[in-house]
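Going in written order, the chains are labelled A, B, C, D, E, F, G and H, and every chain counts its residues from 1.
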Amino acid sequence: MSTIPLGPVLDTAHAPGDGARVVEPKTPALLLTNHHHLCPGCGEPLAIRAIAEAIEDLGLVDTAVCALGIGCYTSFGSTVDIDLVQCLHGRAPSVATGVKRMLPDATVFTLQGDGDMVNEGLQEVLHTAARGESLTAVLVNNGVFGETGGHMTATSVLGQRTKNTIEGRDAEYHGYPILIGDLIAQLEGAAYVARGSVHNAGAVARTTKMVRRAFETQRRREGFSFVEILTMCPTGWFIPTGEGPDYLASTLGEVHIMGELKADGQIRTTEELHAENVRKAAELEAQLARGGLED
Amino acid sequence: MSTIPLGPVLDTAHAPGDGARVVEPKTPALLLTNHHHLCPGCGEPLAIRAIAEAIEDLGLVDTAVCALGIGCYTSFGSTVDIDLVQCLHGRAPSVATGVKRMLPDATVFTLQGDGDMVNEGLQEVLHTAARGESLTAVLVNNGVFGETGGHMTATSVLGQRTKNTIEGRDAEYHGYPILIGDLIAQLEGAAYVARGSVHNAGAVARTTKMVRRAFETQRRREGFSFVEILTMCPTGWFIPTGEGPDYLASTLGEVHIMGELKADGQIRTTEELHAENVRKAAELEAQLARGGLED
Amino acid sequence: MLAEYELLLTGIGGQGVQLGAQVLARAATREGREVMFFGIYGGMMRGGNTDSTVVVADAPITAPPVVARAWSAIAMHDEFWVPLEPKLRPGGIVLLNDSTFTTTVTAPVTVVRLPATELAAEAGNPMGGTMVMIGAYSALTGLVTLDALVEGMREAIPSYRRQHIEANERALHAGFAAAPTDIGAPRAWEGALT
Amino acid sequence: MLAEYELLLTGIGGQGVQLGAQVLARAATREGREVMFFGIYGGMMRGGNTDSTVVVADAPITAPPVVARAWSAIAMHDEFWVPLEPKLRPGGIVLLNDSTFTTTVTAPVTVVRLPATELAAEAGNPMGGTMVMIGAYSALTGLVTLDALVEGMREAIPSYRRQHIEANERALHAGFAAAPTDIGAPRAWEGALT
Amino acid sequence: MTTTTTPTRALMEGSEALVRAAILADCRFFAGYPMTPFTEVLEHFAALLPDAGGVCINAESEIEAVGMAWGAVATGARAATGSTGQGLALMQESFSEATLAELPLVIFNMSRSQGDYFQATRGGGHGDYRHIVLAPQDVREGVALVQLAFHLADKWRNPVMIYGDYLLAHTQEAVSVERVEFPPLPEKEWAVDGSRSGTGRSRSVTPLGVTKVGQRHFGQEGKAQYIATKMAYVEREARAESGFCDDAETVVVAFGSPAKFVKYAVAQLRDEGLRVGWVRPITLWPFPVDAVRAATRTARIVGSFEISSGQLVDDVRIAVAGAAPVEFIGGVSSDHSGFGLGRLLDVDEVRERIRALHEGRPQPPVPGYEEFTYEPAPHQLAPTPEVTP
Amino acid sequence: MTTTTTPTRALMEGSEALVRAAILADCRFFAGYPMTPFTEVLEHFAALLPDAGGVCINAESEIEAVGMAWGAVATGARAATGSTGQGLALMQESFSEATLAELPLVIFNMSRSQGDYFQATRGGGHGDYRHIVLAPQDVREGVALVQLAFHLADKWRNPVMIYGDYLLAHTQEAVSVERVEFPPLPEKEWAVDGSRSGTGRSRSVTPLGVTKVGQRHFGQEGKAQYIATKMAYVEREARAESGFCDDAETVVVAFGSPAKFVKYAVAQLRDEGLRVGWVRPITLWPFPVDAVRAATRTARIVGSFEISSGQLVDDVRIAVAGAAPVEFIGGVSSDHSGFGLGRLLDVDEVRERIRALHEGRPQPPVPGYEEFTYEPAPHQLAPTPEVTP
Amino acid sequence: MTTVVKSRGTVTIDVESCKGCELCIPACPPAVLTMSAPVNKRGYHYPELHPGCTGCAACLMVCPDYCFEVFRFQTPVEHEVPS
Amino acid sequence: MTTVVKSRGTVTIDVESCKGCELCIPACPPAVLTMSAPVNKRGYHYPELHPGCTGCAACLMVCPDYCFEVFRFQTPVEHEVPS
């Protein structure tokens, strides 16, 4: 924390005049509005932003087609300016397969939640990855069914608060979480697998890069690409919004380890990822302290 | 191969008289008949025998309940003297869960094929394993849908002949196989995971032991136990029956590596399993040459 | 001779309308009445519509859970009031939270305006406006007793909110005390086959 | 004036009944006839029932694929014959493989017995009994020509069985030659609107 | 008459009352997957079953939920699952096969509208299966019908569905959940527990019509025929109630929560002197053909009021069999979320529809309907050519 | 008249002819999962689509198959999926939502019997969805109707099902698969390809009734109402044929392969001088109400012949509306595997059933039926007590 | 006493879209964002900017409601701030 | 010339259940099983036993049709076999 003394409240209603330029990343033009109905402190809009940013950065806007799952993020179907195929709960990977096979030059991606992907449609994503479909799957993983009120999912970690595990998930009663990214990385058809998060600015920046690499993998037709993004759900976790990031880091983040699980033909172990994480976090903090994230 | 000169054909229609005793393993009493309608050279009846033998050996007969999948093996529902819950295609793990939760003292096992388990019901077995349900799942894996005529499944290995890959499965067209045992071994709820085969007598003996260990795991309530058994399907592979064992060893067997993938809390790597396999094969052959398998 | 009494409650998210209806319904249940209660509210967000219907009767209720006509209403805010006004039965009664309900009511019913927010604040319970109103409603209509309301409120508060019980009790009493009982408001159960 | 000719083929698994029906159906197709063919057979196992129905006509076929009456039949074995015999139309014709069909046929039809298995063996095609029979059927009924049968057979044999084509051709010819054409068997197409 | 307060009498939402009734009926297993407005049924089972010595699993999907319930039922336990429209659609294969397997499964359908009438009564499973479907009009009746559901499931070894809706699930009522007594049922000799394995008399719970070698063998065809003839007996379980039908010129048929609106509106119209009446199927299958026929005996016209585009009306037409014209007087209607029953479900609306039917006037538009009426394109108005001779 | 041999005329099994017709109708995507008797449809698509520039995926399950087809259709391609009973049951959620999403999906239902009539016409999906269902009586007609299916799907942006059966799939016929011409259809402006992403005019293919911010917004309720009113227009696509009905005292209704048996048997009975006739719905939905009504105008009695325990009979009853009694004269019947249509499907059997109907005699038993008739237990014959006041 | 605080950048905040989650507050490295005392139309507090912004865009990256746009000055702006 | 071949064991074979798959033939370590010239009722060849069985049960373990039962002699039986 810095120790700058707090000065007066400045005008933030109007853009500054000529003496200033807009900083990248801006809010992507693909986002048609910021009026969405997701809860305060939700991490999903940040994942959406990362995807939109990656698509714009790579110049893929007019090839993008989204196969969207059913969860809170479904509401982005109408607020993001991307050709949309809405899928039923759990079915996005198969739908995306049909889209991609008919439009081999499109940039096809799915957006699903953990309830959608790891509960209802677990086999869809695994089969699609095993087939090596040349598409990108994005998972927003908050460890709960947000939409229906915050119940435990197959990715909720032990000890996590959810509507039906208000004292924390217990292995004896509820079984163990599935580390979906790790499973997918095992499949030969998966070419790129990464796990990011949106619990702070550094994580957001890193996650955006992962999404970009995933799309590049797709464009090079190397096989299936997958990015899992851990997101806050203070409503489903029954905690104050401001505690979301720390709660994420200390629960989901300790079990679903962030990093590139598979890239360039290499599968990375949990230990390697841990080490990498520590290093990258330090680097980013330094970069932020220096005043920006642009490379 | 031995070099005994061939003598006359002996009487094999009648049991020998008093001077002889029946050798273990006998055909288990749980098998009500040997008139089943499976094809010549099919490996599934051997897997069934292994299960029946393990149950009898462990004295668990009057606790055994089978949740049976849909495939060629379904016909054993009526020829094996075990309380049966027939399941729909792919659903056996969930059904077994319901059975086990209501009958915690029963020895509950599923029997499914690769089409049933790894295609239609992939997520059922993964979720059940992740929940750590205290039951045993047995997979008979022949890499094809036998029942419907020998089409490729999600476990068919590259190069394998099936009805729709008569020149061999090709990754480009058909994607990559799923190594289901390896995936399950990754799940924390899985306590015991092994992969055997029935392509020769040694493999059958080893597989029977795996099934026994799986049931012991269940009886000790340590979590989910899983035995995958590679089986011949000469009909679906479009080869002569006599070539089944070798074809199995050289295709499925080279990719779905046999051995105990997870036992006593240890996950074993492919390399470790390979080494173990070579050693055990040698041992068994020696034992057979010495004239018997009884320990 | 009316055997079924309908009450509509309306307000905006955050005013405690659903809890108020819940308390009233529980109070009537405790008094052995037949009770039906149905609430409608938007998602998690503040400021949205929140409505609820309570029907209390002395014989099995024939009204469906969404009523077309109501004997009484409590309106904490006028934002979503318009479609409700025509539902009031002539001769009925409506209680308005004067603090946040600024429009006029023209329906041929007894209209009672109370500064519920202020009364609640005075009772040391700034969020207790709806409690004040149902306290007053009890005094005016006699549909439920004040004692039953207090008991119903104790029942309705979830265990992790136990600390609010006393403040709510004060608000109920304040509302009961503030109600103008001399205005000839329609009374429940009079002439009914209780 | 009969415009639709039904043929039932029956035998046991391994006798080539389905292939025989297939060849006949293809032959008739080549000759521009309307053709319908439906086969029933057990699973992979040998020795099971195998039946097939072929209908040939010179106008769109009105008969359903499972026929209740048949103008003709070829029986390679008597194991599953019993339910078929009553289906024969009076005045029709049945060809029996004398080698494996030992029971008697009492239906009022022309009965022709041929030692098909032996004739096939003589023609150097021990598995070609059914080919012999359809060759004879062609000679007796004229439903299809021998040339069309040969062409139909070439079409029906899968590529990996190409080596059997010649032997089958010999069997067809052998059957055609062995048929007793002077017995007044019913002929197809005579009087029909061809 | 004031009902006396009993210790068990309490204000509770419909979902909770139904769950408490199920537990009172010895339901000891539940598995489900959240979906509005069914979610609370799952939540109450999860909260209440463990203390009753039962098990509730938050299944990973609907298909897994019904599989788990299948397994539990096979052991002879009383067990249930449930969902709403989409989730039940996913369970259809299991539902139809459960009928062939003669599994006494109970299904809680908290529907989003009445547009799932076909799903409930005819299903999307395959083959000739039927479920008994009980449609309570309110929480009070729901408590009784849930217990009846478990009884009938065991009596007939056939799945039974409770068809509820958003209102039933969420309306709170002062209810006392009390046990309903039923005649005794035989032991479940057919249920598995492993104890007969190895005795030569082991059991088979299966939809495939197979049994163990040496036992009576049905085969698929035999089993299907057996079930089809069983259904003729189950048809005797048809239930309905009616009111004001003795001399009614106009009779309205409705079920579930909407029936309460119809009954209320009909009573109002009777007060106005109109000769209208109502009949309410309590079992949607078996459809109470005789009761509907009797109730419409004096009718000049019959209306089917339902929140759908017209499904119940088929069964009404079959029952009335031309004795009077049958008109559909309901409509598609939901709240903006798609979960609730919408603006059509309002006593005033319902009354005006019945009045219009009675007076031979066209039905008033469904509120908000005009806006989304389909406008066919010119190519759609052109007839499609014949393709076959 | 001998048909001249054209190069494309060949003997092929029904499955192959249907698949060739689909490809001729520009079907370029197929996904399916093997299941008898649908398996061959999948096999022929797998063999023939790649050479036509299309894609066939051997999907890992039925639910995945329909998802893939959903995606392909969303791009504007003509695409299809299929299965039989159980497999289609698993697809029900997708089928009903595909209707709301206005996806012109074509479904090949190679059914195991006619007991899936309800599944096809009323579905187990949720909500008020309907599919156009075309039921060819033979391979020749199948070739035309498959092409019609793709046309109608696009014309109405609604799923269309081909209802075939074991006989249709496996019967070989000499057929010439020729293109049927249809009027032109508009461009698929609604289909996605990514090209309008980022332009402010990006597209939404969705069942949820939502659109992009700034575009016309339906909402779930609006979309459901929109679809319901669309269906009224689609009802114009009803098709049927009939024979001998001008003066028929007895009329039999049947569809699909069994209709061929009925037609043949009726012709035989006419030869015997009996005044019997037949009417065959070609579209099962929309049900040809007018045609059935017209065909039964002179009837004293109407029979519904179907291989099921009685499903089509419901629609016949609704259509005939009491003008004549409607009797069910079909039955459950299959071969021992459960796949084929069984012993009831025999011209002699069918003729005797029609004759019995005509002569007012009870129906003869279904062959083999007696053995598996359900015998109720005493506790099942006792009435169940009332549970509500 | 006052210090001179340099702002290398600044932001715009769409306060009416803010849902008061407070994620931006700890995200800001120089800690120049604080929550407002007043509430917006929907009843939420929102962030206010004080001098010292570096234009790093961390706030933008963590705001779920896309309330921020970030700018960098060509020449930093200086504010005198009581310290 | 003859050799004496010792059979430590023997087997029974249910030839009517045999489907002629030949899996037992290579499974037999002493190679004393051969396929028959004649066929059973269903048309399949089946295995025949020659002297030299060790009673190892390998055949039993690989036979999918459960055709074998295996026995061991208390005293091995000897056969004179032409070599």
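Some observations on this one:
Rule of thumb we're sticking to: a contact is a pair of C-beta atoms (placed from the backbone, for glycine too) under 8 Å apart; a residue touches a chain by one contact, two chains touch by 3 or more.
These numbers come from a predicted model, not from an experiment.
Common neighbours of chain B and chain G, by the contact definition above: A. Shared contact partners of chain C and chain H are absent; no chain touches both. With centres defined by CA atoms alone, the chain at the far end from chain B is C.
With centres defined by CA atoms alone, the chain at the far end from chain E is H. Compared on C-beta pairs in contact, D-F and B-H come out with B-H as the pair having more. Inter-chain spacing, taken between the CA centroids of chain G and chain H, is 88 Å. Chain E and chain H have centres, each the mean of its CA atoms, that are 63 Å apart. One simple way to say how far apart two chains are is to compare their mean CA positions; for chain C and chain E this gives 35 Å. Between chain A and chain C the centroid-to-centroid distance comes to 45 Å (mean Cα coordinates, whole Å). Multi-chain contact residues of chain C (touching two or more other chains): 45.
The multi-chain contact residues of chain E, meaning those touching 2 or more other chains, are 60-61, 63, 86, 93, 97, 335. Touching two or more other chains at once are residues 44 of chain G.
Every residue of chain C that touches chain E in the complex is listed here, in rising order: 22, 25-26, 28-30, 32-40, 58-69, 193-194.
Contact residues of chain E toward chain F in the complex are 63, 84-90, 92-93, 95-97, 111-113, 115-116, 118-119, 122-128, 141, 144-145, 147-148, 151-152, 155-156, 180-186, 209, 218-233, 236-237, 282, 308-311, 314, 317-318, 320-323, 331-338, 342, 366, 368-369, 371-374, 376-377, 379-385, 387-388.
Across the interface of their complex, chain D is touched by residues 1-5, 9-11, 138, 140, 167, 170-174, 257, 260-261, 263-264, 267, 335, 340, 345-348 of chain F.
Chain F meets chain A in the complex at residues 28-29, 31, 55, 57, 59-61, 63-75, 77, 79, 93-94, 97, 101, 192-200, 202-208, 210-214.
Considering their complex, residues 3, 5, 7-15, 17, 19-23, 25-27, 29-32, 34, 44, 48-52, 54-62, 64-75, 79-83 of chain G touch chain A.
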